[in-house]
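Pasting a structure below so you can have a look.
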């Protein structure tokens, strides 16, 4: 951490900062210039944390505090010596050079809808099935998902298709039934900083797909993952799904720069959800190719056998008949970024 | 709701939209122009909701959907015939021409810190005492609050000072002990769309102070309040505390325009929290005067007897010795915006 | 400036950075910690500039560069030893404890419209008359202003009312006719970084009202003023008029926090334009009271004798009959923030 | 255009709106619902413009105005019947299935630097050479480019390499010397709404590369192009280079969604500049692959023979030795999005 003193800071004020840093075991390196004085507080990560808790910005003569060390540890790329994590999610690998295509309906609506979609995406090379039983909705008057009934249908789809299941948990009090069916538990963007939920998932030990909040910085995003990791659950996958900007031509602005930058920060795999930002089917394929080309470890996409009749988010769901060509194009783009072909991997394992 | 058809939409596509609107009881008014066709779906709020659930945007030939009616009902100003709500929170009034100054430490740290602050803010005219026992922190390694121990101290402060207590609930599973002490339960910005928590608070029936999410639009903010109202709890106070923008000179950008615009949208009282956006003590008074002058129904501000020693957010807490002058200046600004003097009200009731 | 080395940086890489800093006269203070090394480059402002031009971020082993000194000099509050500037604009004072109310139509439309408005705002205590002859419009098909004809009408309004004139210059090639009539030349938000225009205005020596770009940080805003100051023109007034955020309930988000924060950065006066952000008349007064209460040195507001017939921005213009009460309320709010009453000053000078 | 009346609007107020619409030749279609009345103003684009100039939002009883038709004409995809434009820039084609790789230094620094880079990028398949002679800089104290001297070096580079030249024009008063050397004139992001400059370029008739402003919506971006097209210059290429968001991990957030969405709006080619948003070399290739995969018509990228010694933006410039592999990877990604191989095209023409 670096403490920048105000131009007119007195020698006593400088010394007071040094004293507080040393009081928690830090080492203070003051650098006195013609115009101002800097104080470097150098130490290991634990010391940096103790120093940051001192709230030095409240002391007289302090102009600003510049954090230097990353505030996360377990999620940091350095904690794995620069090696990206690879997870096995119910038989599907993700991370490193393994690319995962996760597909399915936004919401579980009916047995036919779910089983038909599962069979389709399986046959086209998807490695996991997505489907929501609990749906976070902006309006309390909108359809909130089938709940436990939806979870039962997902269990049936898993059995029939053999695909691992990805589904959302919105409330820590619903964790039991979700654990019975989910191979990968999704945390929605609105819950990225629902710390009770994150801690509960950390303890549950099941792999987690953590979506980035609409206005979360990458550092806050990784810190949210750290809440889960800290409880001993090592399997967290990050998911970028669009951020809030001034642009009104789309619902959210998909932030693909996040992929290579997160890969410098953390060893955790990174997945892109192109459906919600786009909001329209025609944008999904270009964004998916870009996501694969920029180096994402996977894509989570909405597919619906009959989008016109979808209860939720129909306009952005890919049609069944488009999905095979889509999966092939994504596979090629992922290979361009150095991934193994997931279609060949899938074929071999079949 | 208005459906804008694509320039090349066929007559069949137009008819298909009309049919779907009528299928749920709506009335469709097509307007055919030289370049494109508009279809107005006119009806009452319930019909609008049913029409919006149709996902007409997924139909062929549809260019875009323009919502016309407000998606909230109970929170709407119209639901009270244009009359702002006035709530009585443990004896302190807020809303209409009643202005409330809510003050206290960010976090409950110790008995002395809390009781001293309570006595001070009471004597200077504050109408409620704030203090956090559960603290949402970006880092899992930071101090997370005293929890139940902090709630006990708040109970003692209430008894001693007579001030109603405002404290945060982060997790629906902690609601019991919070209900024992809180007169007004705060929901933090990160939890604005934690729907399980909102629903629980709706059922609990205790007044709620709902903070705006960092990137929540005003409409989403009011919709979050609607989740609470829908369960039968009528007492929700909205709190603007700064939004995320590109500006890096402050932690958050305090959005004071939200006050007059929310007052057009809803009958619920609106409070400003100037401390978190500012992050620095010297900005708190100017922002507070502006908040009162723009028409806010109250301010929630951090005060600490010894900010240099605060565990959390010390740099932004007002010092005890500044608080009396601060309260007087705020009182004058609020009167400029048409409020009654809260200092006189307080004096009369004492 | 502070150079943060990467965790794995070698001693040679550290030395290479030190060598480059010293090659332009800087002094390098390395601080070696357990996890990483910081190098403080301490010196005066000129040295800091030379060091920043070195692009040290391109060197091997460098993680990031943290600027410490402010990149502006002439605009900095320190350059006037902490004393805010006071300017006399054609007899109207602004800055320090002088508050200026600048009012008039968005666009000069006709002789009657302009002269009537001028007489009105003068009689109600405004200290300058605004009116656009050149109008920046998003669409090339929209009305672009009366141009030279409008300038002539402004000259007549000045003569008749005695009010100093504020009008916009969009193109450096139009500076001659604008200099003939303008006491204060406005630079629009879209031109905040039109450096040719800024330099030309710096040389012209006439006071400038510089509007903040829609997504300009405060530092970039002050740097744009520095372009004008550097040419020898000391009279620049900053104007906040709303920034771009995700919020769609208003056209722009008025950033009132900018006022107290800019006052810490610069000695230049700061004015608020509430009309463009609001876009609606009913919001203008609350925002103006907040602007005065937060400490602004003035307000520039749109007034129109018949807003329904305005060519441009009618919905946001105050009506003539509202203006007197408006000016009185703003005067009170400004006094709350420590300004002298501009209505009394105006009355004394009349 | 659609006019939404307030819930309490009277029949007279509705009629007043209808009258004004009809007064300029529009046709008004009122739809009266239980809760509110909508008035569709249907007509051709010219009528829509006349209606929009009426400022109907200022009328009593009007709640809001919803524009329906696009405000641009010449840039609209419909104006070319859905066929994307293809331009020939000094022999290099761009648009349709032609992908252009534009490469070179940020700033022209010296004869050797420029000629070496030109020879390199030519040999690796770039189709145009970029290089700045006039540089917009945030600080007035930074290097502002070699000016006319730089333009002379660009002329020499063009002669020697045969590559068309892309260079920036910042000030309309400098257009003469720039026209002597530039095949494609760049307008920087800060000047996107410098209407005098756009109009001048419209009249000059030389192809223009128009960069998106940091906070310009896509509609405003296309409207800025319309300023050029309106003067009779049909050759405008749009360039996305990163927008301002809350994220601080990068300098700008590259908005790749803009590519497929702009392609729905306009026939103009769209190019991506990955260098400025990234700010760091290591991010340039992933972002370039994503740009090509998402469907961009070209990339404009910074290459420098010795980035460590660059005067400007060294950390983000690709190294010479990386460029050949880079060009090949980009070529493959572009083919995935349906483009012809630019490397093969280049080889054939050589």
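Descriptive notes on the structure:
Letters A, B, C and D mark the chains in the order given here, with residues in each chain numbered from 1 onward.
We adopt the following convention: a residue touches a chain if its C-beta (ideal position, glycine included) is under 8 Å from a C-beta of that chain, and two chains touch if they have at least 3 such contacts.
Remember, predicted model here, so these are calculated numbers, not experimental data.
More inter-chain C-beta contacts link the pair C-D than the other of B-D and C-D.
Taking each chain's centre as the mean of its CA atoms, D is the chain most distant from chain B. Separating the centre of chain A from that of chain D, both taken as means of CA atoms, is a distance of 31 Å.
Taking the mean of the C-alpha atoms as each chain's centre, chain B and chain D sit 40 Å apart.
Spacing of chain C relative to chain D, judged by their CA centroids, is 27 angstrom. Counting partner chains per residue, chain B shows two or more touched chains at residues 215, 244-246, 248. The touch graph of the protein chains shown is complete. Those residues of chain D that touch chain B in the complex are listed here as 2, 4, 7, 27, 29, 31-36, 38, 40, 42-45, 66, 68-69, 78, 215, 244-246, 248. The touching residues of chain A, counted against chain D in their complex, run 215, 217-219, 243-250, 253-257, 259-261, 264, 277-278, 282-283, 286-287, 289-295, 329, 332-333, 336-337.
If you check the complex, the residues on chain B that touch chain A are 49, 53, 55, 57-59, 71-72, 136-143, 170-173, 190-191, 193-196, 213-215, 220, 223, 226-227, 230, 244, 280, 307-308, 310-315.
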